């Protein structure tokens, strides 16, 4: 377990993961559940355990839609999406660890795609 | 001249090992007023007490100081000993030289020095002690029970059994409360009505019990043993004494599309109604919100069909005032409103229901005569999903922070009953934890799983989407399978958190009792005084104090009754004499003390004073009711003139202690 | 204004609305104005004074006067109405027995400040365009008006009457005053500096009790300092401790009740800025428990007689500011 | 006054403890044999709200070097609300003493429950140390009461 | 005529021109003047919830500061811009550390601490004009039209910061639909995500999400879906298997107000 990394993630997300009562509602409500290897409740639990690297190396961090459904519906006000975001940032902030390369973008586009999608993707994937 | 005796206890070696008790006795013997100073092995033993008693008699002592363990331990012992030797018990002071000296210090010299100082402080204080006599206050031999659910009924029955008059105030037209709406009870599955209605009848027939249904408490004054309560009897527009409960008016009433709250709105009642067949009192009530006669002056059908002339459209709210010695609060609970949790689609889909609604849907006296049908299309549901902890165990910002306690068990009950009656129906229960601490509770839950094959899934429902084909898509997590599930359910049942009745908070203010942040009444002590409120003479029964199931409620109801009876059997109660008192000559009448008194013990009177110039002046002065005052002393500091002082802990006594310590 | 007041008083006496009038009389010197009771038109004509030296707050006199038979007319300046309201709240005056005429307030003058300029033998004063023309036995002198204004008027909090039956003149507004400036300045000093400041000031105290006797909040039937049973009876400041004790306890007893009328400092013969102690409490109460102005109304609870569960802990004192 | 140069300054500290929580907490510290300095002398009061500012000043006058006031935790007062009033009164009193230049660390309020014997002992140790650091009370004493 | 600071955002300049055009046309018809700050920048597209992320939030603060300078509430139309700007404003007024870091970066004349008021266009309709007043100005009511409001996620959540409506029981768009004469269709997926930006990388997921939403609306009998978000519009139209028409709410507003034709001239 990497203690520094855990602290960094906790500071960055501002979430008290100890508030989680492990009900699994976040994962029950998550629209990206099936696309994820690790699910919102696991993010909270694994961060609590300090198992951050596993999460950073998983594609799950790019599957969160930031729809905040887990944030609003969590009975304990734990805000799992913020945890996912913090782990994702920890990952892409590492040198050469961008999830996407600007050169890849043109082929992904179609003419109706609003640039809002591209800007957001940049925020999520690239540092 | 004071004649004070000092008694230094060795407490075996507990004190004597670190404190030179002889030196303490010697030193204190030289204090002014001290005429006898002795030490003894065990002062609290019978022979030790005799030592004290004999000294009191022999030396005609005016005050006693015992240097021993904490006053919390043996103050009463020595007070009783003093009293039996003819000395006022409040002329005894304890110097705590064990817990606060010998047990915490190692150095004999400094511990002895400190023990002497503590002894000196006690001697200084006892010099100023006044003999106190506990006052007495008469007890009105009548109890009031607020709330007529099972808690209130049980309490009233028990108090009546002991031979005391007791009144039940119930805001609904009938007593019975939530239990009357419940179908079966866990863990035995006997029918709620079968065990409740005999008690309701018993209550109505008991000569000691008066039921004020359709009534509310509107004011409470007074104190333990002597409360004056104003009860508002709301106009029901039916003369209770005449109505026979025949029900003809309810059948003939043309306004028959009023949602029936007893059946959770699943069917209708008329504007004049009797909530249910076994209602007590079985008397009709006219709902002024719907009655055409009351709203427009046109109709009058019920009046025409009533053969006994019980209908009275001119009836008005009536206030009655009654005195009580004890009050028992039994205001109960309600399920919370679910607007905040519409991810479960409660507001969108009639087939998403609360557990209490399910009780009515399954009840033989319910809207479907006991056949479980979906509210939307009256078809039989084949797949039912139960969701636990809806609004319970939440962060404060998201719902109730507590566990509602009863949901796990009633859900197991529902699941079992459904599986028993409709074996073709699949039942899923989404749970976070299954909490079954209670006699035969876990066995009951295991039966649901093992015998009835109810699918318990550890996880939580995240989204409920009703579909046009009548199915309800339930999206949930299955934490053990690490899967997100979608279940095509026919019905969803939500275990809504329960909360105290909304009337509880204003009532608590009237009663000057404490409440927690969730509006549950606070007991005087969470372990040792669980059915008393901190306010003397006010007792707690049932779910108003915290979530409870029926057996617990009944147990607490009887316990509250026992406590109330314990009070009512007394002709008078002894009051704590260490209470505040006001020096009328110094009192400014400024009301500061009244504002900080948590018990409402201070009132003001206009009093005549002869002035030095022989004129008479009328001044407003504070007066403390010693039966109500609990002796906290808040008033003594609020009083700028120092008119207010506290028996047993007077300004001069405390200052004497300060001086003795600082000398 | 004096003329109008006399006429009003005469009329109210004549109409039988009031039986007595509390106003002011001149003493030996022109600036020596003290409260007095008038019962007839003649007495009013002869002695009633209201001028730039009339600063005394008559509210406190009403504690006794309002309990007598009949009704009394009181002329109250805006600051006095706060005191009076507070007395109503504390049931110290009988409201029905007082007929209140609200009159415009200061700024009032401080004779000491005029004398400090070396001007003595004062016969009369006149404010002309904020220049004070002073006629003395030695001839006419002038000084800027504002340099002669009482400290309490210089930091006036309100020109608005909180209570009255009738108003003479125009109604004013509640003001944004700078009254906490000095408190703040002291707060920003080191503890040693504060200690030195107050030692210097309080050591001047001669325990004449003028501050207590003038204070409209100090109306106790018997003061703790006069009561041998209180444990703190104390007639003269025999030691520096007792100087401190008297003023701390006095300020504490009026905390949340003091309307900041400033009379304590005005009457102090040693010129101790006693109002700073009261203002310190007022400032703390405002900061810790929300803005509160004693005497603004007759029903709200005094801050020390109520609480919030969310109140700050006492250690806030240890945590803030410089040591 | 004679000062023994070799002897460490031993402050006199008065602790007012409410009967229901803090006094019981002190008893618990004793039961568990948790040491704290003998400088602490406890005075029992029914509730922290019984403590008049007058008592605190009196203690200083008579030579106390520190005064600590202990009561039930807010919300747990045996008398419902007493400690809430205490909190306001002491906040203002301590602020005033500070305003007069009296050392802040000579006064303190602590909430100690009947179950917090360890906290009671720790608090007393800590407070005694703090007062020791300040040395004898000179700013709020009555010279006539000074020990010879 | 009431004037507001108006923040269109970059998508409204390009792919979502109609959303912008009809918003302006309708405002004109309603007697509201929208003033665009001269030098606005992109909002950033997505709000980063991380506390240690400052730089990406600065442009939103600049926009908010411009609104404060103009002393007028800030109106946004695009759900994404609205979400970013409102979350930024919430955090800067609730998180002192964040506020001080931002202000250290920006060196504004006066530090910005959340003083500006931010309205979504819909909030302006509800809270400034009032739906009753709006109803009075409708000339072509959409009588009988069964319209499904699609909130998506960004308009409602996180509800603590957005504070626009009940996140599980929203009614603002339904009330809007009623005001312009239509019949709102309530369907459970109205506040679920359309897939958002994932469409770029994982079209299949976006298709799954959007189809889910559209099916739920269709299922409850909707004849059209309205939205406030260009990205939702894109996903619902392009990535769902439904043929239900999707419109910007501003378009049907303009139509109801009879402002549609005028503007397209």
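By letter and in written order, the chains are A, B, C, D and E; residue numbering begins at 1 in each of them.
The criterion applied here is as follows: a residue touches a chain if its C-beta (ideal position, glycine included) is under 8 Å from a C-beta of that chain, and two chains touch if they have at least 3 such contacts.
These figures come from a predicted structure and were not determined experimentally.
J.: Give me the chains shared as neighbours by chain B and chain D.
T.: Touching chain B as well as chain D, we find C.
J.: Can you give me the shortest step count from chain D to chain E, moving only between touching chains?
T.: 2
J.: Compute per-chain Cα centres, compare each with the mean of all protein Cα atoms, and return the closest chain.
T.: If we average C-alpha coordinates per chain, B lands closest to the whole-structure average.
J.: Averaging each chain's C-alpha atoms to get its centre, pick out the one most distant from chain D.
T.: So the chain farthest away from chain D turns out to be E.
J.: Return the chain pair with more inter-chain C-beta contacts, choosing between A-E and B-C.
T.: Contact tally favours A-E.
J.: So, what's the distance in Å between the C-alpha centres of chain E and chain B?
T.: 50
J.: With chain centres defined as C-alpha means, what is the inter-centre distance between chain A and chain D in Å?
T.: Roughly 52 Å, centre to centre.
J.: Return the distance between the CA-based centres of chain A and chain C, expressed in whole Å.
T.: Whole-Å distance between the two chain centres: 65.
J.: Where in chain B do residues touch two or more of the other chains?
T.: Within chain B, residues 343, 397, 463, 596, 638, 651, 655 contact more than one other chain.
J.: Got the chain E residues that touch at least 2 other chains?
T.: Those would be 168, 192.
J.: In chain D, which residues are in touch with two or more of the other chains?
T.: 53-54, 58, 81, 85, 89
J.: Touching pairs of chains, all of them, please.
T.: Those chain pairs which touch are A-B, A-E, B-C, B-D, B-E, C-D.
J.: Within the complex, which stretch of chain B touches chain C?
T.: The touching residues are 585-592, 595-596, 604, 617-620, 638, 640-643, 651-652, 655.
J.: Would you pull the chain B residues touching chain D in the complex into a rising list?
T.: Residues in contact with chain D: 70-73, 96, 98-101, 103-107, 110-111, 113-114, 117-118, 121, 514, 534, 578, 596, 598, 630-634, 636-638, 646, 648-649, 651, 654-655, 657-659, 661-663.
J.: Would you pull the chain B residues touching chain E in the complex into a rising list?
T.: Touching chain E from chain B are residues 339-343, 345, 347-348, 397, 463-469, 473.
J.: Which residues of chain B touch chain A once you look at their complex with the stated criterion?
T.: The touching residues are 343, 389, 391, 393-395, 397-399, 430, 432, 458-463, 475-477, 479, 482, 484.
J.: Considering the complex alone, what residue numbers of chain C touch chain D?
T.: Chain C reaches chain D through residues 183, 186-187, 191-199, 224, 230-232, 238-242, 244-245, 248-249, 251-252, 255, 277, 280-281, 284-285, 288-289, 303-305, 307-309, 311-318, 323.
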